[in-house]
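Presented sequentially are two complexes of chain A, the first with chain B as partner and the second with chain C.
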Partner chain A sequence: MSRFREKILGAGPLSIVSSLISIVIGLLFGCALLFILKPAAAPHGIVSMLTAGFSAPEKFAKVLYQAAPLIMTGLSVGFAFKTGLFNIGASGQYTVGACLALICGIVLKMPWWAGLIASMIGGAVWGAFPGVLKAYFNVNEVITSIMFNWIGLFAVNLVLSNIPSVLANYYGAANADRTAALAAANKSAIIPNLGLDKVLNSNYMNISVFLAAILAIVMYIILNKTVFGYELKACGHNRNASIYAGINARRNIVLSMIISGALSGIAGGLYYLAGTGQYTIDKNLLQMGFNGIPVALLATSNPVGTIFTGMFISYIQVGGDAMQPEFAVENITVIVSVIIYLSAFALLMRNVISRPLLRRSGLKTAEEHEDDGRPSGGGLLPKSDSEGEVTGQ
Partner chain B sequence: MNILGDLINSMIMFGVPLLLVALGGMFTERGGVINIALEGVMIIGGLAACLFLRAADLGGWGQSAPQLAMLLAILVAGAVGILFSLLLAFAAINLKADQVIGGTALNIFAPAFAIILTWAIQGQGQTTINLPKWLRIGRVVTENDGFLYRVLFKNFYLTTIVAVVLFILAIVVLYKTRFGLRLRSCGEHPSAADSVGINVYKMRYAGTAISGFLAGIGGLAFTVAAGSGFVATVAGYGFLALAVMIFGNWKPLNILGAALFFSLFKVVGSYASSIAFLPHFTGVSNSQYIYQMLPYVVTMVVLVFTSKKSRAPKSEGIPYDKGQR
Partner chain C sequence: MDYVIEMLNITKEFPGIKANDDITLQLRKSEIHALLGENGAGKSTLMSVLFGLYQPDGGVIKMGGKEVQIRNPNDATALNIGMVHQHFKLVEIFTVLENIILGMEPTKLGFLSTKEARAKVCALSEKYGLMIDPDARIEDITVGMQQRVEILKMLYRDNDILIFDEPTAVLTPQEIRELMAIMKSFTAEGKSILFITHKLQEIMEVADRCTVLRKGKLVGTVDVKDTTKEELSRMMVGRPVSFTVEKKDVSPGDVVLEVEGLTVPSKQHRNNAVKNVSFKVRAGEIVCLAGIDGNGQTEFSQALTGLEKPSAGKIRLRGCDITNATVRNRSKIGMSHIPEDRHKHGLVLDFTLAENLVLQRYWQPEFENLGFIRKDAVRAYADKLIGQYDIRSGQGGATVVRAMSGGNQQKAIVAREIDKDPELLVAIQPTRGLDVGAIEYIHKQLVHQRDTGKAVLLVSLELDEVMNMADRILVMYEGEIVGQFDPKKTTVEELGLYMAGARRMPAGEGAQE
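Entry: the complex of A and B
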């Protein structure tokens, strides 16, 4: 019996329970908001928000389609979390990755997998900047990656608007403010669907969500089964101790940001090589990168958990689309922000849940569980961060 | 010459929100809390103030006492900013949550909520809250006006005067009062502060509240500077203000210099096409993006060169736990 209880109260199940509580409170908040806004339309809105994703095969295809990039940006943010870094720059890395993928696909007529590799490289380069600046110049990566979001967006807009053969009007369409449809430019650049589009009766369906899931498992193995992953996590838990143990902290910071950036870059590739979306030249940051943050937080940065939380966020977004026009899609954003706010003190919540049960069985609290996805007791940024200096070679 | 006058005027207009918000950031971080939610607080403050001004305009009394209405709007912005930032303070101080994540949540919440509320009040799809015409101080500038008049009155609002007053107050409060000393001690070594009887939690709440007040007003200042009404965004100024604060080394005077420096680059971008000696990149389509990128690139370069010397408050971002003393 106590064995069973230990399993129930282990870090994994506890995180799931606390994430579920965050989600439930967030959804309740959202429902309350809908009732305040338009009491008459609220019941219908709530039903479409909660059920739209499963209401028809093509809706479910949309869930899977959006889930793929969400899982990838979630993996990206989560991977950086594991090393004690907050990669809020996923949006910029995503944009740069998308840009390179589209250039490879549309201009250079490369196949889809080459486009994905290009997007990975683009994201990795964009992630490397904050990493290097953090490791060698002691600039806070949060500020850097926010700045690089904007630099990336404007740079991509500039590059794309100056390559005539990437734009839609080059292929006979009317608009010059977006990239060409892949179906018109280069069919081989579209991610294959292996007949899945017939199964779900939607051209949104392709293999990208499975690619994302495979990458999530690869990340899980890297983090948990390799020396490299161990070193990265050690850096996140306590940078000074890891330096003392002979780990090259600077190198790990840079590598972690490169990998994190690469994952976000692939997200951009997966989304824009699906053949259904065209990149629009606009002066607003793409939200996909920021949506990776709740995905990672709800999964407590566990790569495998990211698969499920990515699906969930995608699911309620499809629900949000179905709520229109009675309710703005921003209602979903509000719900997600409430969920993030709650997961900020997930650790506290985990302790509250586990305490009454633990008192009886005399087990450790969640705080003492080592691998709960958060380095150093609830603080994401390593304690040494305030002094800033990354000493050691 | 007219362009130079306009440029300096714009620089001041956009420098004001950066200054106010960076000062707000300084107060929280000096107290030991990282307030990355400044962007969100600006949006909520701007939203509240613009809704208030809209009500004053529709009610008809704003026209007769314009500057009183503006002063009240500034107070509304500040008060709502305080309330919103208390959400961060509660998570960061009482619940010892991760401050960056809590702040990110508020940043995501603010623009979405602003759109929902604006739609609920103005009707579906009506995202812009228009500012009433009577807000500005002085008459509209004409071609015959002198250089100095242009610099001051091309666009001039009460927020600029309030910013000057608040800036002086900020220096006095931070360096010349008991409160300022205590606040700074909480950001450097909270357990030492606690050991001499300072209530660290209270001081951190105060620091966060001050930042909410300043950032809320900053949101209004940004909206009047942008000129085209409130559209549920402050275009990344909250984050730029954080960079200004770091560049300004958490000191009020340096922050003033940094704010004007950044707003200069921001404004040069929008005036680039009418300034003769700047390259115009003919042949490059959408070349405006080059200048729009500029402030961010400059921020990065400056941070690289200054961060080695930067002296952040020692305990910022670390939740204070009495038990860890």
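Entry: the complex of A and C
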């Protein structure tokens, strides 16, 4: 086997290469779509989509600003994946986290870090429900977390619209359908920028992306270096084996949903405590939680990887905004979604690349390896070696 | 002599490894031809070539003397070659009939029309005694029945060359006997069978000729009637293998495990799966729990090891009541457990070998520091076990266990459980699906544990294994212990009668000691 092939076949490089190929395919598709929709404006559209993020310091600030919550929801979804759970409830956890952060900041006049802690607790509580239901009643977490998205959204809307002192009109603004601007209500609740706003000439800029990156590294260490992470991963890969090894599988399911929820909750806190966005009371689920799924998939659930994939997706979104007015907002949404979701085919790409390489090197690929009749793939999607009831303890 | 199919000088090379090196296999009409070899000897590659999954680098395949090209499985099917895979290829939520017709569904005007298919399937099942309910769902029927469905699939397609890939690995002794009879009736009909296995006894019973592979090379083809088990195993492993286990005389010591009136509810039906079971295991003895699959051994083992809760009774390990203890506490008190299903319970297949070797002790101070795993200690420990227990893998401790052979996976479990230095070793079908070399190895390890004064409880479905290994045999039938035997004073036939429920010892007599 050549040195090159050996290197490529290592788990890390293979993931990175396949993610990059997926991104390229996604971008090509997006470009093709531009040509179909509006051939004349397409070249300019492509250029602005691909370069907007770096075109000016304030654009780059916007990329970083949106990346922070994306990294967090990506971490949340990826962490759950690693432990064998599909947390599709990041949106609800994000919303509840945002709600608590805003109440702490606007009503209780707490500083920004207390708001972040509150958002973490909110997300954790919202993640705990599907976790407990999964662990003790074997209810599929996908279904419960989808339902908790809606319950969370409407509960938050109900709570916020019934606290007059959290709404914008309480502070003299005209609208009652959104929360107050932090600048008017409580300046100390705004996440500090340590002068970075001057550097990039944008009031979007603050330290949130660095906080997200630090948390990503912390999650990486927890998953890969600690006994707790070992137990969580064992439980995620093969619940029966973890029970056999004396691991309390139920406790681990609940804990990983709590941690996953907490990460999504912090995402909500980071976004709404930046001081630039106001929570609007609306009947739509917030997309930030769902965009965490492609962030995690593209990073093959690697926490450090989500730092980069979160930035990429944020970059594409900023690029999409820059395509106006030649392209309508709806068209841009479609194109960006196509790019994001095709990019998330990293796992598929990984198998496509690895198969011929493996075959040539004489190793068995997943399908040929009949020993247990199950393709191995990557450690990306939740994949228990035997799903089913949680027993024991 | 006419051959129905000939694989001549087949070579299949992957860089760095010759999976098949100049192998010739000729199948006569109406014969059962066994293909014997250890895991990784090249049996699967050779069959993949025959089935069109691989193209050979050299050699030809001839059918009835004429050269044929088999480029994909459809070509193989067109040549009337059928295969029962070791892991069945059935749709769990479909019925038996739906599975059989899958891929060649009879239709009328685009609608499924199963009437004729049903008649044909029923006729076939009657003719060969393959009793099945065509409307039962696959997920609801036993593994033995599922295999019949696979066989019927081949018959429905009028296949003449039938490949059976390790068909007996999942069957009970009775089902094995039935399968053998069915295979013989096929050859009487003029069909030819390729029978892949590593169970020598079955080859001796049913096969006409046997081709042996070792490390990708052809060792030879022999007439079964002119050979012996010893000769075949020597050809397969490359050295003589002993079938009888050397055991020193050891007099049993103190009671280590005491089970009293253990009752475990069943998940399948309303009755109890284990009913009022009592016995003791002493230090320095191997107690075998024998019985036909499905008589409560699985439930008993799970209750004993803490995976299930018993509804009544007591379990004492070294005097401690562990009836309701957690798995972790049982392990701490001194129980080691080689589980029945190594993929389901024994291993985390996507973890590395090193991570799996510490699965039962990663939390001990040796491997843990302030909540962090001491990777260097894990690696050093894994290297030690890999050397000591001769666990073979591609990249040592860093190998993902999924990529290892079944025998080496099992060795890893055995190493892990024995190295815990337990007082009681519970081994449940520890040699299932392994080749003779690995079986010999695991038997030696179990006997070594006994000789060093450990208590061993072995749950086994293989009567040969029971007779060879046990110091004392308990027979389980329908969740009860129906007899206790000294292997020196009993016969396989006598045990068989008790296992089948035809006889039982009076209550109390077999239960104690």
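In this section, the second predicted complex is superposed on the first by the 329 of 393 C-alpha atoms of A that agree within 3 Å, B and C clash if a C-alpha of one lies under 4 Å from a C-alpha of the other, contacts with A are read in each partner's own complex, and residues count from 1 in each chain.
Simple rule for what comes next: a residue touches a chain if its C-beta (ideal position, glycine included) is under 8 Å from a C-beta of that chain, and two chains touch if they have at least 3 such contacts.
From a predicted model like this one, the values you see are computed outputs, not experimental measurements.
**Q** Comparing chain C with chain B, which touches more residues belonging to chain A?
**A** In the superposed model, B touches more residues of chain A.
**Q** In the superposed arrangement, does A:348 touch chain B (first), chain C (second), both or neither?
**A** first
**Q** Taking the superposition on A as described, I'd like to know which of chain B and chain C A:333 touches: first, second, both or neither.
**A** A:333: touches chain B, not chain C.
**Q** Between chain B and chain C, whom does A:157 touch in the aligned arrangement: first, second, both, or neither?
**A** It touches chain B, and chain C stays clear.
**Q** A:246 in the overlay: touching chain B, chain C, both, or neither? Say first, second, both or neither.
**A** second
**Q** For A:293, is the partner it touches chain B (first), chain C (second), both, or none of the two (neither)?
**A** The answer is first: A:293 touches chain B but not chain C.
**Q** What is the contact status of A:147 with respect to chain B (first) and chain C (second): first, second, both, or neither?
**A** In the superposition, A:147 contacts chain B only.
**Q** Where on chain A do chain B and chain C both make contact?
**A** The answer is residues 379, 383, 385-386 of chain A.
**Q** Can you check the complex and tell me which residues of chain A touch chain C?
**A** Residue list for chain A touching chain C: 1, 225-230, 233-234, 237-238, 240-247, 359-364, 368-373, 376, 379, 383, 385-386, 391-393.
**Q** Which bits of chain B are touching chain A when the two form their complex?
**A** 36, 87, 91, 95-98, 100-102, 104-106, 108-109, 111-113, 115-116, 119-120, 124, 236, 239, 242-243, 246, 284-287, 289-290, 292-293, 296-297, 299-300, 303-304, 307-308, 310, 312-319
**Q** Applying the document's contact rule, which stretches of chain A touch chain B when the two form their complex?
**A** So the residues of chain A in touch with chain B come to 33, 37, 86, 88, 133, 137-140, 142-144, 146-148, 150-151, 154-155, 157-158, 161-162, 281, 283, 290, 293, 297, 325, 328, 330-331, 333-334, 336-338, 340-341, 343-345, 347-348, 374, 378-381, 383, 385-388.
**Q** Could you please specify the touching residues of chain C with respect to chain A in the complex?
**A** My answer: residues 14-17, 19, 44, 48, 53, 85-87, 305-308, 326-331, 337, 339, 343-351, 355, 359-360, 362-363, 368, 371-373, 375, 400, 402-403, 405-406.
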